[in-house]
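Every chain is named by a letter (A, B, C and D) in the order it is written, and numbering of its residues begins at 1.
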Amino acid sequence: MVRFGLFGCGRIGRMHADTIAAHPRAELRMVYDVVPAAAEAVAGRHGCVAATEVDQLLESGEVDAVLIASSTDTHVDLITRSAKAGKAILCEKPIDLDIARVDACRDEIAPHKPILQLGFNRRFDPSFKAVQAGLAQGEIGKLELLVITSRDPGPPPAAYIKVSGGLFRDMMIHDFDLARFMLGEDPVAVSAMASVLVEPEIGRLGDVDSAMVTMKAASGALVHINCSRRAVYGYDQRLEAFGERGMLQVDNRRATTVRRYAADGTDTRDSLLDFFIERYAEAYTAELDAFIDAIEKGTPVPVGFEDGRRALILADAALQALKTGTTIDLKWE
Amino acid sequence: MVRFGLFGCGRIGRMHADTIAAHPRAELRMVYDVVPAAAEAVAGRHGCVAATEVDQLLESGEVDAVLIASSTDTHVDLITRSAKAGKAILCEKPIDLDIARVDACRDEIAPHKPILQLGFNRRFDPSFKAVQAGLAQGEIGKLELLVITSRDPGPPPAAYIKVSGGLFRDMMIHDFDLARFMLGEDPVAVSAMASVLVEPEIGRLGDVDSAMVTMKAASGALVHINCSRRAVYGYDQRLEAFGERGMLQVDNRRATTVRRYAADGTDTRDSLLDFFIERYAEAYTAELDAFIDAIEKGTPVPVGFEDGRRALILADAALQALKTGTTIDLKWE
Amino acid sequence: MVRFGLFGCGRIGRMHADTIAAHPRAELRMVYDVVPAAAEAVAGRHGCVAATEVDQLLESGEVDAVLIASSTDTHVDLITRSAKAGKAILCEKPIDLDIARVDACRDEIAPHKPILQLGFNRRFDPSFKAVQAGLAQGEIGKLELLVITSRDPGPPPAAYIKVSGGLFRDMMIHDFDLARFMLGEDPVAVSAMASVLVEPEIGRLGDVDSAMVTMKAASGALVHINCSRRAVYGYDQRLEAFGERGMLQVDNRRATTVRRYAADGTDTRDSLLDFFIERYAEAYTAELDAFIDAIEKGTPVPVGFEDGRRALILADAALQALKTGTTIDLKWE
Amino acid sequence: MVRFGLFGCGRIGRMHADTIAAHPRAELRMVYDVVPAAAEAVAGRHGCVAATEVDQLLESGEVDAVLIASSTDTHVDLITRSAKAGKAILCEKPIDLDIARVDACRDEIAPHKPILQLGFNRRFDPSFKAVQAGLAQGEIGKLELLVITSRDPGPPPAAYIKVSGGLFRDMMIHDFDLARFMLGEDPVAVSAMASVLVEPEIGRLGDVDSAMVTMKAASGALVHINCSRRAVYGYDQRLEAFGERGMLQVDNRRATTVRRYAADGTDTRDSLLDFFIERYAEAYTAELDAFIDAIEKGTPVPVGFEDGRRALILADAALQALKTGTTIDLKWE
């Protein structure tokens, strides 16, 4: 039984609290939020303690592991302090928006060798996992083309856009990680095009809302990612892996399997599951499973600090490619 | 090159005229219809002769084979005269609505040993053929359950209902033949339920418009057929063959492969192809191919007089089952 | 918070124990099984008491509601005693295999007016519910044809067949209830055909393993149900509701949305979810929700004693139809 | 009735000969090929004249229109001579591999104002046409993302690669035209990445066999195209148009609608139709229809010389983008 402390009691924090509470090998012992009332609400719901300070949680002796679901700008500080306190760490993506801070964090926590897992939920989705397993087992031979579709149901509020780091670092970062997961190697070249088509305010804030990125791996495999901040038909999360002996596709999920036939159309299915909390419900549980296994059984975490760092490097490269109109070449040490 | 004479220049006759004209091994030489203007129109379109009498066509020496697409009540007479005239015969279903007349026809033409193929178009549809081939090759092992869906886009006019022989003999007769084609054996028991749900006038004429039939073969295989005279989403023609090692399904055909996603539904496809002339366009050409092969190469016709006779016996049994509320047992000599 | 006692700690009992334990408004307080070790295992897993007698559970004062998941032959006794003890009752289907015992039970519990819900899981499945809601809202107008497919992944052991009441009372009873749920009325005529195709031992025990039933409602709507005790591709649970303005279909569920393309076939999906515990996982939770609502909020139970009784009457009618080869007419008081 | 002369009696020429012969408003009168035996074979099959020289065909007075299906390097010469001879011209894509020659041809034929249609078959495919019509009617509002998948079943022989102009000018040129068709405007920026993954010989000849291109239109709409010279599961031709109010997809075509269920997978469909002659059979007929309409009714050709020229400019830009690793900006006069 792993005893958890939770940092961050917003929407995603509350979802993680529920997932921990429902997990047979986990207990939620303490929660913290900069807004005390938010922490108290979660503590009340799950019968645990609302810490009033970060250190109260880290020093209580009641907690084996922390789940960091607070705002991005607090991640590096909480990771560092938790690592120093000897806690196992499950941190929501991204590590940070600034690669220099990420690198510094990496160096600072290195001596503590924390069990640190990053919350790239797609890696734990049964469908994406099955495709990755198929690729790893050579089901379609050499991977040649990878096409990732990633569209949110609707744009976030302007306040979020301002602190999000932009589409590439906030949203497409999931797809950069997913591409690395499928490729089994790192892209070595990145190009990008983007537009403001959905919400002019996003453009005024210096960001884009529609984007296409192309990447190439050392093996020659080519990757396409397209993102939009708005899909009226729901949260659109697909992938297509094409190789020398076939193709594997991940389709979207829907609440039911109903198909409707009417005079003006046939085979109509539900809108797509909306949004990440519904779409990746199973993934969040599997993510927690893997983290608890890492703590209890010593298995390696399936996605770690370096994965978060590399996804950010790809996002930064895409942004640079977009600004310069050139392909950015990457060297990985 | 096979020289054809055509009896019947209505809707289905005109379709057959086009199919013959477009076929590389067929020529349309002469056409006949009780309405001379109808015959002349087809003759004009295809540059051939409009016969003014049946015998003109049969005795001209210009014709190797006849295609009978006239009204059902003329089939037995035209089959008999064509057989006596030594013509190869491709006759639209059904042979007749009266099994006694069918049996008499069988006996009368027997000495002439005509090449006689019956127009059960479903046997020539690429999808139904592929499923039958899969069954014959043991793809799903022993066939256990067969489910046939057969729904017309809309009810025929009352005038047609009056002479059609009713839903079982006119419409479901295709499905009785399809069941025999898939089973590779004859049903030995038939039960039926039916309703008037679509068009009250059909009920006033003594017929039904919605029906379900169950049959059992000597092997124990069970068959379900359901028919409706109206499907607002198009001509619905499906089949599902279930067996010890799997299942084979035939889905409907649509004009395009487009899928539509909108705020209120996803994956919406076109209405179904409507009606038989569109749905079975490929089948009509394949049917003609097989008939020409029988004439030119001596291959057996894939569906013959006895198939038409047995389908009618099944339709009659279903009608009797409906009237008596009992399962009708059949013995085949 | 509703405090539960559980009767029966076999496979389905253990599943219900997990569902109760995970439910935010339910607590599992006491469990009973004729095999004490089975009760102790579940009690140990969920930290509750293993009762050694039925009355210990009913008289403890620790339990507001009972969930009956013991063998079918104990249902009537446990329902009766629980009703007399003033407990709310959630009972797995069927009530009993003998309609006389069911009727007697109905009369005996009537004075106690228990909250009694029956475990017809399909009514709580999101897809079946959505179709029923669509029908109730007139989405396809008048319901005309209903086709239900219901195939288990593999046959049960002979020991189970002996006490199951046979395919119609044990397996197809779900489909009789599902038909009533969709029709919104009772069938008034039933016919049946069946075979032993899967497992000869089933035949030696006097049962069938493959069956087709047809029913007709007073409205004229026609219903087809087909069952098999074995589908190699997984647990096959589908439904098609056809009406004057369209059609609604429920397709199967799979573990992932992956589609595979290879040289010998395209669009290949996973096997179907296998078996009812996986397929109806969401339904079991929704079933419990509705039951707790009935207790806490006084809402009517969505499926009650009379529904269980009528499903059994239909199963008995199907069996009689099969034996006599006639359509059985039903009168409902 | 339009009288046709055909230049080129190879695989695609023979297909066009069949299409012309089967068309009710067309007649094949004369054919020419640099290999006289090829011309004679086609002439024999269709009962027409095999010309021994180009001018024999152009000067015969027997021909109203020419269909140019000879090798790419002959197109400009044949277009020019046919235009001067006053013939209507239906020319297979591409016009030429050299934009300078294309421009010169344009200027030379301008005074003759020929009816000239280019053979971009995708524009005539029922599914692509339906999506373009949907876009034009605003079905999904403003078009924002366009994703085109274009994969051949297998690589062409080395001899063809040498004269093809490379993947971008030979194969992806269809997709450049398709993008323009869907966008309703011209791309203004092009980037590309590519690899040799399928066939090393293709790399030795200086070409690539796997490629991804991104384009941007003045409206901000983004386009992705991916091509491979080999898809083991058949000829893969798909499109996805995403916009502010929804999405339209074109899926592939298969020979049947059969779905297969077995112990190791469900819903398996046929391989894709292979190759362009099968996949675009309907399109070739519709293409001929439109051309004949242009001749007989004076309707505008749906795809003309300038469309071919612009597709080539895009292919050249993609090649330049690939070589320089930069986004190429395009200005259209």
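Criterion: contacts are C-beta pairs under 8 Å (C-beta built on N, C-alpha and C of every residue); 3 or more make two chains touch, one makes a residue touch a chain.
Predicted model, so just to flag it, every value in this text is computed and none were measured.
**Q** Comparing the two chain pairs, does A-D have more C-beta contacts than A-B, or is it the other way round?
**A** A-D
**Q** Could you tell me which chain lies farthest from subunit D when each chain's centre is the average position of its Cα atoms?
**A** C
**Q** Using CA atom averages as chain centres, what separation in Å is found between subunit A and subunit D?
**A** 41
**Q** Roughly how far is subunit A from subunit B, going centre to centre by Cα mean, in whole Å?
**A** 57
**Q** Show the residues in subunit C shared as contacts by 2 or more other chains, in ascending order.
**A** Counting only residues that touch two or more other chains, subunit C contributes 232-233, 245-247, 252, 260-263.
**Q** Hey, which residues of subunit B end up touching subunit A in the complex?
**A** The touching residues are 232-234, 252, 254, 259-272.
**Q** Which stretch or stretches of subunit D touch subunit A in the complex?
**A** Residues 142, 144-145, 147, 149, 151, 189, 191, 193-198, 210-212, 214-216, 220-222, 224, 226, 228, 230-233, 236, 242, 244-247, 325-327.
**Q** Where on subunit A is subunit C touching in the complex?
**A** Contacts found on subunit A: 22, 126-127, 130-131, 134, 139-140, 245-253, 255-263.
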